[in-house]
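Shared between the two complexes below is chain A, which has chain B as its partner in the first and chain C in the second.
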Partner chain A sequence: MTSLLLISRQSPYGGSYAHEALDIALSAAAFDIAVSLLFMDDGVYQLLKDQHPNHGSKNLGAVLGALPLYDINELWVESDSLVARHLQTADLAHAAQSIPGGEIAELVSRFDRVLTI
Partner chain B sequence: MASGHELFRVFFFHDAVIAGNAFTIAPQDQVNLPKAWQRFGDEHGTDMVLCISSALRRGIVDAREAKRYELGASNSLKGFDLSGLGQWAEAMIVSDRVVTFGG
Partner chain C sequence: MSDATVHLIQKSPFDGQALESCLRVCAPNDLIVLMYDAVYAATMPRQWPATAVYALADDVSARGISDKLQRGIDTIDYTGLVELCAAHRHSQSWF
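Coming up: the complex of A and B.
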């Protein structure tokens, strides 16, 4: 089984990258690819609790909540990105494992494929 | 390609789908990128796929989608197919390297 680490670095709203990254994750999972997600930079905002986007934007938090249905259970969040934005893991709606920036190279090396959006 | 690598597919995603817009006109002294990609695909027989949701969002449709949405014309360039993210996932499985630009 091919494994994929999808690194999501864009904020949840104001552009379609974050949503499209999740579309890729779901498509890959449908093809029996073992998908893990790493959120870093502004991508960490995707994990925040209580998202209430304006009418016309899809609630990204709700999509993230559906990931276990697609057997996507491994979520990572870069701790340095949280600190830089005055966020803590308690602010996050989803159980993501915290990883410092210095350990990401090792994380990446565990996967067959890596894609950054 | 010149080094002997085999390219299974080029998957155009997000803003990159404009590379498949036949209505693109470049200034005379500049490269017409869609035409350059089309030529590349022709020369190497490479499968070139535009992400269908990215394309529709940006007003790039083939004849089939133009009919489905009752549009007056289609504008995807010959040599490009509109298809879903599954094409990307499949390509990732069968290829031993995946190279992404602009991520």
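Coming up: the complex of A and C.
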């Protein structure tokens, strides 16, 4: 089984990138690719609790909650990005493993493919 | 009508120079409105060189940061934003 690490770096509602990254994750999972997600930079904002987007935008936090249904269970969050934004893991709605920036190269090396959005 | 400027900041503080550039030219009696991804700046402690700083309520609520706003930053709705802009001679967008 091919493994894919999808690195999601964009904020949830600033554009369509965050949403499209999740679409790719779900599509890849449907094709029997073992998908893991890593959130860094403004992408960590996707993980916050209590998102109530305006009419018309999909609730990205809710989509993240559905990932286990697609067998996407491994979520990572870069701890340096959290610290820079005065956030803690307790602020996050989804259980993500914290990883410092210095260990991401090693994480990437464990996967067959990597895609950064 | 006030001669002060309303600054509408629209980009995340981590994405480009919109916030920093605005703060460089902002006068002490100007007002700042944080909207779109700029509302994330309302969660970070900093000195604001403006007479008032607002964050657009819909954008705050969408992003799940209602309980993280720094003291001194009030939310404003779209009606309030329009009234604010109408009451000032100039508004400047930063994105």
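Going forward, the second predicted complex is superposed on the first by the 117 of 117 C-alpha atoms of A that agree within 3 Å, B and C clash if a C-alpha of one lies under 4 Å from a C-alpha of the other, contacts with A are read in each partner's own complex, and residues count from 1 in each chain.
Basically, a residue touches a chain if its C-beta (ideal position, glycine included) is under 8 Å from a C-beta of that chain, and two chains touch if they have at least 3 such contacts.
Keep in mind the model is a prediction, meaning the values are calculated, not measured.
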item	value
Fit or clash - chain C, chain B, common chain A	fit
Partner chain(s) touched by A:Asp41 [first = chain B, second = chain C, both, neither]	second
First, second, both or neither for A:Ile24, with chain B first and chain C second	first
First (chain B), second (chain C), both or neither touched by A:His52	second
First (chain B), second (chain C), both or neither touched by A:Gly61	second
Chain A-centred angle between chain C and chain B, computed on Cα centres after superposition, in steps of 10 °	90
Touched chain A residues, chain B compared with chain C	C
Which superposed partner A:Ser11 touches (first chain B, second chain C, both, neither)	second
Contacts of A:Thr116 with chain B and chain C, given as first, second, both or neither	first
Partner chain in contact with A:His86 - chain B first, chain C second, else both or neither	second
Overlay on shared chain A, then closest C-alpha pair between chain B and chain C (Å)	15
Contacting residues of chain B [partner chain A, same complex]	13-14, 53-54, 57, 84-86, 88-90, 92-93, 98, 100, 103
In the complex, chain A residues that touch chain B	2, 4, 16-17, 20, 23-24, 27-28, 30-31, 33, 113, 115-117
Touch list for chain C against partner chain A, complex	11-12, 14-15, 36-37, 40, 43-45, 58-59, 61-68
Complex contacts: residues of chain A adjacent to chain C	11-14, 41-42, 45, 48-54, 57, 61, 84-86, 91, 93
